[in-house]
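What follows is a structure written as structure tokens; I'll ask about it next.
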Amino acid sequence: MNSGSKYSREELLKNGIRVDGRGARELRPIKLEVGVLSRADGSAYIEQGNNKILVAVYGPRELHPKHLARPDTAILQCVYRMATFSVEERKNPAPSRRELELSKVIKGALAPAIFLKNFPRSTIDVYIQVLQADGGTRCASITAASLALADAGVPMRDLVTACAVGKVNGQLVLDPNDVEDKLGEADMPVAVMPRKRFITLLQMDGRMTKEEFIEAYKMAIDGCMEIYKLQRQALIERYMAVRKESEEEEEEGGDENA
Amino acid sequence: MHDVLSEIERRFIISLANKGRRADGRTLREMRPITIETELIKKAEGSAKVSLGETKVIAGVKAEIGAPFPDEPNKGVITCNAELIPLASPLFEAGPPQEDAIELARVVDRGIRETEMVDMEKLCIIPGEKVWILFIDLYILDDNGNLFDAASYAAVAALLSTRIPKVEVKNGEVKRLDDKELLPIRDLPVSLTFSKIGEHILLDPMLDEERAMECRLTIVTDKEGRVVAVQKSEDGVLSEKDINEALEIAIEKGKEIREKYFMPLLKNRGS
Amino acid sequence: MVVHVKKRQIVLPGEILAEGNKFKSGEGTFREGDKILATVIGLAEIREDSVVVVPLEGVYMPKPGDTVIGKIVNVKLTSWDVDILAPYLATLSPMNVSGKPVDPVKTDLRRIYDIGDLIVAKILAFDRTQPPVLTMKEKNLRKLEGGRLVRMAPTKIPRLIGRRGSMINMIKKKTECQIVIGQNGLIWVSGSSPESEELVVKAIRQIEKEAHTTGLTDRIRELISQKT
């Protein structure tokens, strides 16, 4: 891979500073936008560092083929795909095994939050398109997907937030980028439902001691709580004007909702 | 998926068209607002996102070095791929491109190829052995009608913004340099698409107009106003009157769009 | 009982609205132990005995008794499939149109309603075991002819209706248009001129955009008065 060859392992973390200038516990800059597509029932866009990811939600809606429908619940279908131009070397347009695995774990991260039983025999479809990738795309995807689901009015117990922790030069770092992912010693993506800190995604590859492992997932959850604040902000901003005028209405004492 | 347009909606569109108007206030010969953003994907050699009304398409260009086609050993290669991803519409399904996506890609490709937009001979590195291969990948992000034009504009804009590494050939080995260069551009194809509804042809159909249409006609012109690619798609028939009218509009509007959107992109490339 | 939210505050999924057992958890909320939380993004409301979140977004879920506008999308031997823009395709049988069974051998159902027809119907039944069943046996339920169809987010329909119909009656009166509102977010408008129909459509679009603001009825009245 080209991206790795620019740096040596030692350069990844020198004097507590990472290649992109961050400290060990610093997130990359994150930008979130809700309601960016006109046809989808819900949508969101995230930029996290150099990651650029678009998510659309359709549903609940009828499921075809019918034999996949479950009589007592909606099913959640997640499709995670990367654009051919999202990575350094053009990616083959056909879905890779990695994309299929990620589709599945992302579904596992989002499903526990959704009241699927409210919509038997239907499907809720989450489509994730990575336009540019730079490490941590599954976490960024989950963070955006959660907003897209809220935008679609899908009832949920909580939002879902995700963040990864890497290990670079023996040290744990929050929200690793692509270079740190590829050259580092471990990578642990985590997703939580923030209110009760219920973990809905947990993966690790690399090598960690038990202590490192525990410290790492706690660090990831803390990272998630930071990102959760940004998610709430993005949702509220969408309706800011609505809220302001609702408060004025309260003072006037009128309620026009029939 | 049920994409049935009700009779009431169909009749409404036709009654408006009979008065020379459309549901969003346009005349039959007006395009929706166009915005083009380039260089948004840094990992791609070139990229562009086009909004045509609410229709949104993104194009990325990736450049690789590979073997030329045997029948054109001194020319680089351009290949277009399009995907109607399920993000963009409740009617699109996940999976490999089906005939609609393939038709779209091939028509976009035709416009670029037949105008000779990019000087392919300048993309030759070692004749017969190594040339630049440009992959244009189109992703429909939001389908509100007229994917053909939106995709074509995105592909053209992405090519205009493309930078490929300069190369050095030593002892038959190709070495990529750090320095980059823009593509050699010779022409600017402009695609214009019409929908046939009742007795009328409507330029730049929006979603409901596409659902009501009998068929579609795409005409691509070059900078001299010559016709380089034409495609009638879907079922339905066109009369000679339809074709003549569309031709006239395509040449006139083609010139406008080229001057308003593509010439500035071409001129400002260096900066 | 501790209430954490102000009336009509915007709340997000998972947000705690109230604690204690005095209130019931209403639409848009769920109960977890002694807490009531929001399930959707919306406006919180404390009612007499329940806490409710009025959703700002969301798909239409069929409710028996709702009036809906549906589109015939399939004609089967003894029934029609009707798209009511819900997660479930609705079904209509001739029994629920005229009250009499129809012999499919003698009568082609297409002569009654064909693909592409729009109908006003009511949801007769809907539960977890069956698709929504429609009826057209009540007065005013019929096939629609002419006019225009407008689509609006179902969550904003109450605003279009207004308190006790105040908004919609005002629009009807001033534009002299027939307006049929489907709870599922489809609205049919028919007037004596395309201009009056267009005015209604403009009003609908503005209401959808400004659904949760104050003074909307006055602004809409102004909009319509300008042009009539």
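Annotations
To keep things simple, chains are lettered A, B and C as they appear, and every chain counts its residues starting from 1.
The definition used in the following text is that a residue touches a chain if its C-beta (ideal position, glycine included) is under 8 Å from a C-beta of that chain, and two chains touch if they have at least 3 such contacts.
Predicted model only: the values in this text are computed from it and were never measured.
Viewed as a contact network, the protein chains are fully connected, with every chain touching every other. Centrality annotation: A (chain centre taken as mean Cα position, compared with the mean over all protein Cα atoms). Among all pairs of chains, A-C has the largest number of C-beta pairs in contact.
Set against the Cα centre of chain C, the chain with the most distant centre is B. Look at where the CA atoms of chain A average out and do the same for chain C: the two points lie 33 Å apart. With each centre defined as the average position of its C-alpha atoms, the distance from chain B to chain C rounds to 39 Å.
Residues of chain C in contact with two or more other chains: 89.
Across the assembly, chain A contributes residues 61 that each touch 2 or more other chains. Those residues of chain B that touch chain A in the shared complex are 1, 40-44, 47, 54, 56, 58, 60-62, 64, 81, 83, 85-90, 94, 96-97, 135, 137, 139, 141-144. The residues of chain C lying in touch with chain A in their complex are 6-10, 12-14, 16, 28, 30, 32, 37, 39-41, 43, 54-59, 61, 87-89, 128-129, 155, 158-159, 161-167, 211-214, 216-217.
For chain A in complex with chain C, the residues that touch the partner chain are 41-42, 59-62, 71-72, 74, 113, 115, 119-122, 150-159, 193-195, 232, 235-236, 239, 241-243, 245-250, 252, 254-258.
Every residue of chain C that touches chain B in the complex is listed here, in rising order: 71-74, 81, 83, 89, 115-118, 144-149, 188, 194.
Only residues 37-40, 43, 50, 52, 54-56, 58, 61, 64, 79, 81, 83-88, 90, 93-94, 125, 127, 129, 131-134 of chain A touch chain B when the two sit together in their complex.
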